[in-house]
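Got some structures for you, see below.
Presented sequentially are two complexes of chain A, the first with chain B as partner and the second with chain C.
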Partner chain A sequence: MTAAQLTAQELTDRAGLVPFGPKPRRTSAGRIGIYAFLIVASLFFLIPVYIMIVTSLKGMPEIRLGHLFNFPVEPTFQPWADAWLHACTGRDCNGLSPGFYNSVKITVPSVAISIICASINGYALTFWPYKGANLLFGLLVFGAFVPYQVVIYPLIIGLSSVGLFATLPGIIIVHTIFGMPILTLLFRNFYAALPVELFKAARVDGAGFWRIFFSIMLPMSVPITVVAVILQVTGIWNDFLFGIVFAGRSNWPMTVQLNNIVNTTTGVREYNVNMAATILTAAVPLIIYFVSGRWFVRGIAAGAVKG
Partner chain B sequence: MDMAENGTSVSIQELSLNFGAVSVLKTLNLDVAEGEFIVLLGPSGCGKSTLLNCVAGLLDISEGRIFIKGKNVTWEEPKDRGIGMVFQSYALYPQMTVEKNLSFGLRVAGLPKDEIAKRIARASEILQIEPLLQRKPAALSGGQRQRVAIGRALVRDVDVFLFDEPLSNLDAKLRSELRVEIKLLHRKLQNTMIYVTHDQIEAMTLADRIAVMKGGVIQQLDAPQTIYNRPVNRFVAGFLGSPAMNFIDGRLEKDKGDWHFTVEDVRIPLSTYAFEKEPVPGPAVFGIRPEHVAFNSGTGWPFTADATVEVVEPMGSDTLVWLKLGKQNFTVRVTSERTPRNADAVSIGFDPMRASLFDAQTGSRL
Partner chain C sequence: MQRSWRHRFHLPAVIGTIPMILVAVGVFVIGIGFSLLWSFTSSKLFPSYDFVGLAQYRRLWADNRWLVSVNNIWFFGLMSIACNMVFGYLLAVFMDQRIRQEDLFRSIFLYPFAMSLIVTGLVWQWVLDPNLGLQAAMRNLGWSSFSFAPLVDANTAIYALVVAGIWQGSGVTMAILLAGLRGVDEEIWKAARVDGIPTWRTHVSIVAPMMKGAFATAFVLQCVGVVRVYDLVIAMTGGGPGIATSMPAVYVIQLITVRQNVGQGMAAATMMLVPVLVVLAFSGLVLWRRKRRQEAAT
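Moving on, here comes the complex of A and B:
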């Protein structure tokens, strides 16, 4: 008892020197430096965004004055409406909206099909290993490192021989194929981290391949599915190369449409419309990131730890 | 051949399992009687869990046959073998409530709703998990989870229960509680149970017979007391018992018609020891359990010797004393009242009748 009191006394005497009670807050030079760097870095990356937004809200006469950083004197949303409805690509002046709908038509089925296939792949590779399963998995992973440009020409030949080149199903197939390596890897690692006894218990309970997949594995796969959705939506939405090559003129996605609007050579270059169109195109992946960023990190961590 | 006739529940015949070039189980034979509680005991990697998985049908075997209730199930699916299995990690389906966990197998089998309800009611009553039925596994404690896992095997109304280290994930107190519950459950259901563990206390307390395994081979299959008192080889002797049996390397010698075990200047007479086979003079290992050695108890023992105390470990109910007998290390278990102090000179005595002698080379019992 006496000893304890003594130490307590000692501690009050030397407060701040011996750990006792809550940890004191410290502001060190290093910490200030880190925050200063972070703020400067984020400002650096936000400047282009700022310029895009203010420019898109200015009229052309105001832009011609050349004050890039100035706030719009007479803010107008006309460029946004023009970008969406009236901007011209060559002779068509329908704005970006057809491209948006095309992108939706490409992205939704591509994301759905690739995730369904990849989750079944990952499940089968983890729990129902067959002869050559590891080789197949190795080849799939290898596929993740093949540069896209290399396979474009063979793919064009292949798809046109079955009449799918420059069609909506064609571009969906291409996106599904190219999503497969990384998505399978993601799902396989996720399932490999689950206790294998769960699978054994289900087998003893009499469940088969599909029953185990739908009743037990799929309900547990929500976090990794969210990750896969984010990866695929952003990847496919932002895609330009496959879109311009495989989709065909009538199905060109938003990115291709945007490029055509911005690179139109006739008439005056409407910077405000171009800026608005760019922001509109980038909006979908941005919104997805903001809404589900938390899930993304969690799912990636869940899938990446073991494998 | 009808297995059920002679009361055999599970019969494993000439079973081998190889993973590539590695042989995990080696032509193994095991007959489990109807209603018997068999414990497969061994260190990690001895193949005990693998054997259980083979019986369950979760691993395809390389050679041999498995009969359950007289039916050759060697190539049957797990669900058709009449087995229920309980896993170490519980393996409850995390997205389902306890009730759905219990009924999953029955729903897969397409049983009528009222039958499912009846079976769940019975199982949850036996295991006292009625209040938990609507909870998810995440909201249960470890002991409750394992009870649900046992319930999942129970509702399937199977002939054979397979337990794969079911208590290893629980803390010591819960483990001993559930151990008793499993024993009571066995008494109540009278099912055949095969239970895998590396815990010798579980094995000793639960088993009708223990199969001690090492390197994919059953070393000894016998009643717990027999295995404890008359181990067939040095591995079994050393694996069972805590603290472990004392082993002394020495020589077996015959002197005027009497056998002796000698090490340095110590001579242990073996007139009371029951030899398994005709002894031959030569190197041997003498083993005696710490509790079979008497301490400072005067004369009257076939063998007595003086020793010095090295370390004393009080364990509550009794005390473990580490001694030096000549150059040999030696442990003795004594009651707490008789605890000596460090560096005391003491005398010990024992009856070689209680000891085990092993061949120095093969390790088998002499």
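Moving on, here comes the complex of A and C:
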């Protein structure tokens, strides 16, 4: 469990260290080489998205000319509108928008429920460990490493036996289940770092399990909750496997709709519409990434610390 | 760690953690138990309890598609983890040279990780599309013999997956290793310089071994990513051309949905669990020995 010895906090703190010492004034060959390497690497990361953006703004005749890297001669936003409203999967031509609303309907309750469960778990494990609690926690951490494929089929059978397979509550339950190991670990580590005296004082004053949780722990959990929200929103929004298996056709999230639109085998491939659809699907997590900045890195690091 | 309230039974704590009890026991114990159970049966679309011993495992290991999948995941895993580590470390070292615009570079290297693997797969499918992507662009620029279409060739499609994996994941490796590099004491660099050790040698022999924690973190993250390679394969190649890029994760889902062969699917899923159990047992042993040594030392 402690294979990774850096905590999330340390990672971001160190990543955030400002370079110190005097700025190098000479532009030696070595410095040029450093920047050359970094810029070439940046191109590797940027070019695919550059291609997507310019292609999504071109009309199909212009795309067929094959000038992949050129700016659009006659920029058009029609592909974007088509992707949102009219793109087809099989016979349905409603575009991506139903997928977007489905993703919102799946993501919001899943994030809320999984974080509520995980914070109570972490709190109980830290301050109220009952007999067997640590064994349960061990099982949960083990679950973080289990390949999804091992438990997917039993879950399908279990959920369909209570009539929740291929429904919105079903997919929310699935996301809550698979978010629980890592989130519980996150909250447990956070509460374990709080001073025990805080809890003891509240106990002496006669506060019980829920009172201490709501009045003391919850207000202090804001930073870790922000990390958890970022982790869960991007994770659930980007999910494909659970969406396609558990959500059911009418609740398919945006990633599933996108894949269906793009990898549909019938008809002419409208590359501009496909690329616009892809950018729209990536937009939500990308906005979160650019707005949250350092918090996002901390979330990733927290995700890694489960090792 | 003697706390007076420890191990006393508190009903609210148990009630509050009912979801955890259900998930830990219901999903990760009973669920896996059922998967294991069904792998010994002749279940087709629905589970049955007609036990057939190890027949499903024998059929699994006689299935060419499964053998290809197993080969692929090892190849993809080793290639992508090795490339990610090397490229990520290089990026981290270059980022650590007190460069300007560090935040800008960091954002550029990391943003693919924020996006869905489906998006990554589609992006690279287009970049490598022979009629639309790099090959067409190069031919248009006048290099008419330029040939680069890894996705349509069964021998090279998996390399394309590795490239997409690097594009998506090496930024994170960079961020984690950079944090590790920044944690190495500045004095060590000075001491090595005084001793006249070349920079690359300091990196390989002194600094890298000191960053064990960061490397372990990055490695674990990579392994989890390799296991989740399902989305990337579906979006980029669909397991093709033919079965050339099939992976165990794809294979299992196909068996329980399209091919309606749950018994064999569960046998395959159980085989996926085996390496995880081996690694967990090994790391548990290492931790236990280290703990015992520490206790002996004090």
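Keep this in mind: the second predicted complex is superposed on the first by the 259 of 307 C-alpha atoms of A that agree within 3 Å, B and C clash if a C-alpha of one lies under 4 Å from a C-alpha of the other, contacts with A are read in each partner's own complex, and residues count from 1 in each chain.
Operating definition for what follows: a residue touches a chain if its C-beta (ideal position, glycine included) is under 8 Å from a C-beta of that chain, and two chains touch if they have at least 3 such contacts.
What you see is a predicted model, and the numbers here were worked out from it, not measured in a lab.
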> Which partner does A:L155 reach: the first (chain B), the second (chain C), both, or neither?
Replying inline: second
> So, A:I216: does it touch chain B (first), chain C (second), both, or neither?
Replying inline: first
>> After the superposition on A, what does A:N121 contact: first (chain B), second (chain C), both or neither?
In response: second
> Counting only touches as set out at the top, which of chain B and chain C does A:F45 meet: first, second, both, neither?
Replying inline: second
> What is the contact status of A:G206 with respect to chain B (first) and chain C (second): first, second, both, or neither?
Replying inline: first
> More residues of chain A in touch with chain C or with chain B?
Replying inline: C
>> For A:M60 in the superposed arrangement: first (chain B), second (chain C), both or neither?
In response: neither
> Do chain B and chain C touch any of the same residues on chain A, and if so, which?
Replying inline: 203
> In the complex formed with chain A, which residues of chain C make contact?
Replying inline: 3, 5-10, 12-14, 16-17, 19-21, 23-32, 34-35, 38, 47, 90-91, 94-95, 97-99, 102, 105, 107-119, 122-124, 126-127, 132-134, 136-137, 139-140, 167, 171-172, 175-176, 178-180, 182-183, 212-214, 216-221, 224, 227-228, 230-231, 234-235, 238, 248-249, 252-253, 256-257, 262, 265-266, 268-270, 272-273, 276, 279-280, 283, 287
> Any idea which chain B residues touch chain A in the complex?
Replying inline: 53, 56-58, 77-79, 83-85, 87-95, 104-105, 108-109, 149, 152, 156, 164
> Residues of chain A touching chain B in their complex?
Replying inline: 195, 197-198, 200-207, 211, 215-216, 219-220
> If you look only at chain A, which of its residues touch chain C in the complex?
Replying inline: 1-6, 10-12, 14-15, 17, 19, 21, 23-24, 31, 34-35, 37-38, 41-42, 44-49, 51-52, 55, 63, 65-69, 117, 120-121, 123-125, 127-131, 133, 136-137, 139-140, 142-143, 145-158, 176-177, 180, 184, 196, 203, 208-210, 213, 234, 237-241, 245, 255, 258-259, 262-263, 271, 274-275, 278, 281-282, 285-286, 288-290, 296-297, 300-301, 303-307
